[in-house]
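One structure is given below, represented as structure tokens, and several questions about it will come after.
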Amino acid sequence: MFCGNTLSVLLCVLIKSRNLFYLSSVRTTTFILKMSNSSPSTGVAVMHMQSPPVNSLSLDFLTELCIGVEKLEMDKGCRGLIITSVLSPKVFSAGLDILEMYGKSPERCGEFWKAVQEMWLKLYGSNMTTIAAINGSSPAGGCLMSLTCDYRIMADNPRYSIGLNETQLGIVAPFWFKDTMVNTVGHRNTELALQLGLLYKPAEALKIGLVDQLVPEDQVLAVATQTMTKWLTIPEHARQITKSMMRKPTLDKLRSNREADIQNFVSFITKDSIQKSLRMYMEMLKQKKA
Amino acid sequence: MFCGNTLSVLLCVLIKSRNLFYLSSVRTTTFILKMSNSSPSTGVAVMHMQSPPVNSLSLDFLTELCIGVEKLEMDKGCRGLIITSVLSPKVFSAGLDILEMYGKSPERCGEFWKAVQEMWLKLYGSNMTTIAAINGSSPAGGCLMSLTCDYRIMADNPRYSIGLNETQLGIVAPFWFKDTMVNTVGHRNTELALQLGLLYKPAEALKIGLVDQLVPEDQVLAVATQTMTKWLTIPEHARQITKSMMRKPTLDKLRSNREADIQNFVSFITKDSIQKSLRMYMEMLKQKKA
Amino acid sequence: MFCGNTLSVLLCVLIKSRNLFYLSSVRTTTFILKMSNSSPSTGVAVMHMQSPPVNSLSLDFLTELCIGVEKLEMDKGCRGLIITSVLSPKVFSAGLDILEMYGKSPERCGEFWKAVQEMWLKLYGSNMTTIAAINGSSPAGGCLMSLTCDYRIMADNPRYSIGLNETQLGIVAPFWFKDTMVNTVGHRNTELALQLGLLYKPAEALKIGLVDQLVPEDQVLAVATQTMTKWLTIPEHARQITKSMMRKPTLDKLRSNREADIQNFVSFITKDSIQKSLRMYMEMLKQKKA
């Protein structure tokens, strides 16, 4: 359905529908934000993540993502956002870019973490209806990004997995990752998932409520679009207030602790022992490939 | 089983059992409180809601209900309360009376909202064991009323539904509706249910824990009565303290914010846009009937 | 598998494995702490509770347990703790010793309650991975002890049950029992379980998440040991921080209210009406036996 590189994606889509248009300012090398709406009142944006090889959340990627989401948020014509990946073989997002955490200065680590916070605050607090069309594996930060959405549709492919597996790398999911997980699957599932760094197959993820629906791999985006249509029938103002009521306490916890959370991350990640854990993890990944 | 109007209900019951007696002060045109107990220590009251056509929670209805519950609460002989409907075709309660929110003065809206709060505080905080015998549809405020009870038994009839569907009307369930829902079905189910204003069929409601048990329609009250018997075997004092421990934090949140919550409701509901939403909803209901 | 008295247990084990050793200071008449580790980095302690007839949590038992757990906590070589029972017929633990609450002075009751608090604080806040190998019934305080663990494996024997059944005795599970239960099975299940003092059969306990896994009775300890091996592969520091993040708010609630909680317990338990309830319960137990 999607072609192999940025240019061809654009061409494919333009051929299919002349109603689609693009926020050119956010069409970059790292990802594409495609805004597809026939009328201002039914506007749905689709964010096609395309940052090979695995949509890692680098500082650059996060910065562009935040700018893109902020523009959509201010666009009265845009009421829904679908997040998906166009990588092949399929990965939704491999999560935070380890290279941003390894061998970097405290200042740079702090800057990176601030961008991670910003991404979460923008997505979890979005006024839009947000749907994750999870068409590939989604560990760690990729799982977090999915969890910020209002609804999660995952490809029913047992080769994919999703979860906050930070402890497996010797690092720790911060309190707001944890809070988002608790809000989704409850305290007990989160305790097990985070302590063991569990990655769930789609069927298991559905069972504990980590995703809401499984569909055949080639229908993920189509079902996400249909689902969005249903959500957009709800009176907008009432839905937004309701969403904010559900999520504000969780958002406020980070908003009032951003600086301390950054300091906490920086002092943890720059420890020798943690840097060593990260190096070992990267070497293990290399060996897996080889 | 129940006859078609207030007078016949009374007659039917008196014929069946001479042990039953009535709190005449709360036998009104809007509803009947039937107190059935053979001995003071096993007293169970049954509140038969009968306010045609759909047991809407009007200011009058709520006021009478609160007076009735308060009397039962002070009656040492009464330890359990079953809430059910005697309307035919069956509706448990259609929830808050829209007519109390449409075209009314801010003062009147505030008075109404205070009565809704009072109903919730009295029922959710009741020392009695409370069981909802849900023998009909139970949207919005009707669902809230069910959620205040210790146990929910619903008629297994797929024509009935239950849920907090406020957003569908363009209005918003307040934080204490939300808290009660979260306490019952968890954060994630509540987020989905409230944003989309979902109404659940009995089987779906059972699945997410919105009701505790489904029974054939003609056995709802009988099973409620049997269930009550089981609850009343638990040492009373210990059960009351336990119930209070579970619910007090949620009750206190409203108790310490009643006035602000009323102001919030009044300023929201009297907005032109919301009044317009309500008018559209009422017109849609009329068209459905026609 | 286990022999009938303390001495034979020790002999049996010593014959089976020369790698096992014992913390002699905590090998007492009430229970045995067996520390089985082949190397300091993979150390797992197994606490075999053996206080006939039903592993009641007396003041002595609790005191010794806390000393034992504290020693393990300080032992860098010990990373995991499995709690199980060696009684036959099988009871995991019958919970708090009623004799410590009946006919005792307020001072003694306060001392007892402080020890119950200490047990919970030590186990729920343990840095070790803790697994409950529930090879028998586990009511009240026995259930609480299980709930403090990171994972619960129960014998799939329908004669066994588990739950916080305090209200059945006319007493009340304190807020931190409740909090631990809510963290495990959620608010609604806890509301039902605590109000009714429900004891769950293994299959029911699994269904609501009160235990994590059922296994044939003779495999409980073996599966617990295998499970522990899996947990110990997780980087230790990251797992400990994660566990603390999940449990600290719950632990802090009691830590900052210990004295008030003790006063509350003492004034409740020394009431004439509660003492009468306890006497009636003990007489009922005697009649059951006879």
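A, B and C are the chain letters, set down in written order, and residue numbers restart from 1 in every chain.
As a convention for this text, a residue touches a chain if its C-beta (ideal position, glycine included) is under 8 Å from a C-beta of that chain, and two chains touch if they have at least 3 such contacts.
In this text the structure is predicted, and so the values were computed from the model without any measurement.
Chains compared, subunit A against subunit C: the Cα-based superposition rotates one onto the other by 120 degrees, nearest 5. By the residue-number overlap criterion, the interface of subunit B with subunit C counts as different, with under half of its numbers used by both chains. Centre to centre, using the average C-alpha position, subunit B and subunit C are separated by 40 Å. Each of the following residues of subunit C touches two or more other chains: 186.
Of all residues in subunit A, only 166-173, 175, 178, 186-188, 190-192, 194-197, 273, 277 touch subunit C in the complex they form.
Across the complex, subunit A is touched by residues 150-151, 182-186, 209, 212, 230-231, 234-235, 237-239, 241-243, 245-247 of subunit C.
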